[in-house]
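Before anything else, here is the set of structures, which you'll find just below.
One chain, subunit A, appears in both complexes that follow, with subunit B as partner in the first and subunit C in the second.
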Partner chain A sequence: MITALFYKEWIKTRRILLLSLLVLAALMIYIFINVEQMFRINGATQVWTETILKDISVLTGIQWLPLILSILFGVSQFVPEMSNKRLKLTLHLPMSENRIMFSMLAFGLSGLLILYAITCIAIIGGLRIYYPQEIVLSMIESSLPWFLAGLAGYLFTAWICIEPVWRQRVFNTLIAAYALSFFMMSAKGGAYMPFIPYLLATIIVAHFFSFYSMYRFKDGSQ
Partner chain B sequence: MKSKQAIYIQILIFVTLIGMCAIPSLCKKTTYSPDDYPFVYYSSILKELCYIDFQNKETPMRDGAGNLYTTAQYDSLMPLFNFRQLMVDNRLPDSIDGHEITPPVLMSKSIIYRYSPVKFKTPDVGLYIMYESMPKRVGLELPDDVFRMKDKIEFIDNASNTINTQKSKAFRQALDKAGYSFPTQWVAGNMNPHKRYDEGYFCLDYNRQLFHVKMVNGRPFVRNTHIGDSINIEGFTMYEAADKRFYGFLFDKMGNAYIIESDEGKYKALKLDIPPINLDHDEMMIMGNLLYWTVTVTSKKGKDVYALNSGTLQCVQKIFLERTPGKWDNVSAWLFPAQLTFEHNNSDFIYPRLTVTAYKAFAVNLALALISGLLIPNPGKKRLFNFLFVLLTGIAGLIALLLLPDFSTKKIKSK
Partner chain C sequence: MENIIACENITHYYGSRLIYENLNFEVKKGKILGLLGKNGTGKTTIINILNGYLKPRSGECRIFQEKMQNLSPATKASIGLLLEGHIQHTFFNVRQIEKFYRQFYPNWKAGAYYELLKKLQVSETQRISAMSCGQRSQIALGLLFAQDPDLLILDDFSMGLDPGYRRLFVQYLKEYASEGNKTIFLTSHIIQDMEMLIDDCIILDYGRILLHKPTDYILNHFKRYSFYASATEIKATDKLWNPEKTGNTWEVYSFSPKDEIQQILEPYDIANLKEEKLSLEDAFIGLTGKY
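Then we have the complex of A and B:
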């Protein structure tokens, strides 16, 4: 049954997954062209010095992308469920409702994690050619909250989409927007590291929010 | 249904925590203004700390007794602070207290240093630039490599992104010879290529010994300062003073401040004659001249100002300016018993900090709790829950209850 449910989710989200992969690949290519140009024009000494002294990261262009893609992904997965109340049919599958919701979210989170993992591996592999490990680590540490914002953004999108009452959706959106701002604060490379466990805790907590919307949907809240 | 209730509580706590950050932050934006202290500087003529109001164009200076001085008098009474103006007016004295006064001397003895807790609470990439400390040409040149020093010293060539084994080996041998123990606790230096000259880095080794490491004529220079024998070192900031009198400012674990002087090839820590500062919260500013250093320490209570003899760093006068609570202090004391912040004035790191401001705010909490518990129609249990929750969390909790569904049972029934 879970395989069938995953296939259903795949049908809904495959286009957006492919689009996300293409957008991220294009951005990676752009970042590496940019880095190559910086080293060619300014020289390695100048680029390394500026990176160390001014805490410049070549990954700043990626900042909003994981979040935007995850919201699109969440919308593509959950809006069809809410149109004509199709979620009712899904919840009538021969599985417990909690298991159905958990599987749907697990599918989405797995998809995003695979996408982000591929991106991070490409970034680390590519940048290690140009920079020493400390600089690459610092850049990855800077961008880690943005990828976590992607995961949180997806979960908040699910929470908002499944919520049956429009007024409550607006409140949920305000709460989610403010919560996501904690992932996007401007900070020096590595400054976010003490906060990462709290961001992970937020993601774990946010995972349960969709279940609350689902209960409200099932109860017929209007 | 139990799961629904449990998740509701989770969401409620989450939204309340967000509110404990958002609402005080918004309120602070509208009410906060920085503390306003007068500028204080030690007059080498009057021999006392004087107050300067730069907005006042007629009588900008006031002494401790309250006497006011005109702009021309202010320039003359603070010749070491206003020497550029006195030079233009051709009024610069030849000497003060037997010390010859010339612009080059005054400029070389001029010190401005600011300590902020952020200096020691900031992420470190772990890569440093080793300049040639005795360059053959004027000015510093960027080297072709950077170095890491956490577990071992390694120079990494910029162009090839590979280890320069020869240079790394030379420095490793010099460190071993000087008795340096890895892993390094921290490395402090000034990497700005526009500085006057280079004095390399001061590094605290595993045994809490402070080493001076630099490159002279392409060769490693490593010395144990032995300052760690007598001082429990917390941190160091390189200053590279214009007159090359000292290397920088050292702080011990207690918060005492020192300068590290060079004394015939040896290193000497000279303590500033001021009480220990709180390295986590206080800010310190040093404005030094040929004869006196004016040191201001800003804490939560107010601003302490000390005048030190520039040679001995002994205190010659001190005053305290009490802090007057601002609008934000009063508002926060009444409205927010606790605030959650993620960005901090004293650290570059991001982490949650719950600050309990004042217990007065529980009076407001009680009023809000009574409204939510008594006036909002709900079953008994829900009334009690809302009452206790708002009593404990105040405005943030009330807003969280309002934002989430089912605040009022009556409302649901009416639908």
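Then we have the complex of A and C:
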């Protein structure tokens, strides 16, 4: 049954997943061309100085991308459920409602994690040609909050979409924007690391919000 | 006979507007019950309450003896649900939606689905979002028959359908019901369709059940009486429903026989009393009034 639910989620989101993959691939190519250009024009010493001493990361271009793609992904998954209240059909399936909601979120989070993992592997593989391992890992560490923002953004999007009352949706959106701002603060490389557990805790808590919206939907809140 | 659906003392408000107060009814196993009512009397509301998609202010419904808010997966598998407007997941195509639902129901009858679809001019790869309302209704119906549930709950099944599709829908429902031990609870605003189908009838008025009787009883006993009278007012009673005057001709509706009506109307000095048999639609108008 979970396979069937995953099949439904896949049919809904496959286009946006493919689009996300293409956008991320295009951005990776752009970053690698840019790095290649920097080394060729400015020379290795200049690039090294900017990276080590000025803490400039070549990955700043992707800062908002995981969040934007995750919101699009969440919208493509949950808006079809809420138009004409089709969620009733989904919740009427012969499974417990909690299991249905958990499976839908698990599909979304797995999809995003696979997308982000492919991106990180491509970044590591590509940048290792130009930079030593320590610098590449430091860049990945610096971009970790942006990927976590993607996961949180997805969960908040699900929460907002499933909420049946518009006024409450606006309120949820404000809460979500405030919570996401903690993931997107500018900071020196590595400065975020002690804060990562708190971001992870936010993601775990956000996971339960969609269940709350689902119960409100089931109670017929208007 | 076993109750498949039982609702007790359902009271519900939208804001301060009363929808029902202490609504009670049950649906016996093997029966087809039609819920009739004017717009806004709460037909869809009761379907939502039954399926656990709306929590009433007070009262409780049970389906297969389980509380509406906590239906087990096994009970949900025995209920076929048609939402108002034949809503389905429109991002699927014809084949994908069958493949999706098939995995949830062990007794899935794919043949029933594809048999019904043969009547439609659609390919298996056509997306449901690109279909007409009539075609979508057949997809929804095909999926319900493939699920082969013990209880069908249909919310306004005739909505948006042309006469041909409506007739087809009713014909298939009759066949399904004739298999035995199948219970159907349905609403429709096209009462002609119900007359061909339902065993029992609940007529809802604003806030209450006006009547809950077997359809045959209504058709055989509820009559329209017309007569001439110069009276300017005839009061409605429990035996005279919705008296209405057009020119010098009065019309009243009643379950009482002609002799009794003649006696009741004697004080009004009436003439030319005529009795008329009614269709279910006429009976509905007679019970609820035109407005």
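Simple rule for what comes next: the second predicted complex is superposed on the first by the 222 of 222 C-alpha atoms of A that agree within 3 Å, B and C clash if a C-alpha of one lies under 4 Å from a C-alpha of the other, contacts with A are read in each partner's own complex, and residues count from 1 in each chain.
The rule we apply is simple: a contact is a pair of C-beta atoms (placed from the backbone, for glycine too) under 8 Å apart; a residue touches a chain by one contact, two chains touch by 3 or more.
Note that the structure is a prediction, hence the values are computed from the model and not measured.
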Please work out whether A:V23 is in contact with subunit B alone, subunit C alone, both, or neither, and reply first, second, both or neither.
neither
On the A-aligned overlay, A:Q222 touches which partner chain: subunit B = first, subunit C = second, or both, or neither?
both
Touching A:M1, do we find subunit B (first), subunit C (second), both, or neither?
second
With the two structures laid over each other on chain A, which partner does A:C120 touch: subunit B (first), subunit C (second), both, or neither?
neither
Partner chain in contact with A:M82 - subunit B first, subunit C second, else both or neither
neither
Touch test for A:L53: subunit B only (first), subunit C only (second), both, or neither?
first
Any idea whether subunit B or subunit C touches more of subunit A?
B
Once the structures are superposed on A, label A:Y131 by its partner contacts, choosing first (subunit B), second (subunit C), both or neither.
first
Regarding the shared-chain residue A:I68, is it in contact with subunit B (first), subunit C (second), both, or neither?
neither
If you lay the two complexes on top of each other, which residues of subunit A touch subunit B in one and subunit C in the other?
222
So, in the complex, the side of subunit A touching subunit B is made of residues 43-46, 48-49, 52-53, 55, 98, 129-132, 134-135, 138, 165, 168, 171, 174-175, 178-179, 182, 185, 187-195, 198, 202, 205-206, 208-209, 211-212, 215-216, 221-222
Over in the complex, which subunit A residues touch subunit C? Could you list them?
1, 3-4, 7-8, 11-12, 80, 84-86, 88-89, 91-96, 217-220, 222
Okay, in this complex, where on subunit C does subunit A touch?
14, 48, 51-55, 69, 73-74, 76-77, 79, 81, 83, 85, 87-92, 96, 99-105
Complex contact set, residues of subunit B against subunit A
3-4, 7-8, 10-11, 14-15, 18, 22, 122-129, 142-144, 146, 148, 156, 158-159, 161, 191-193, 342-343, 348-352, 403-405, 415
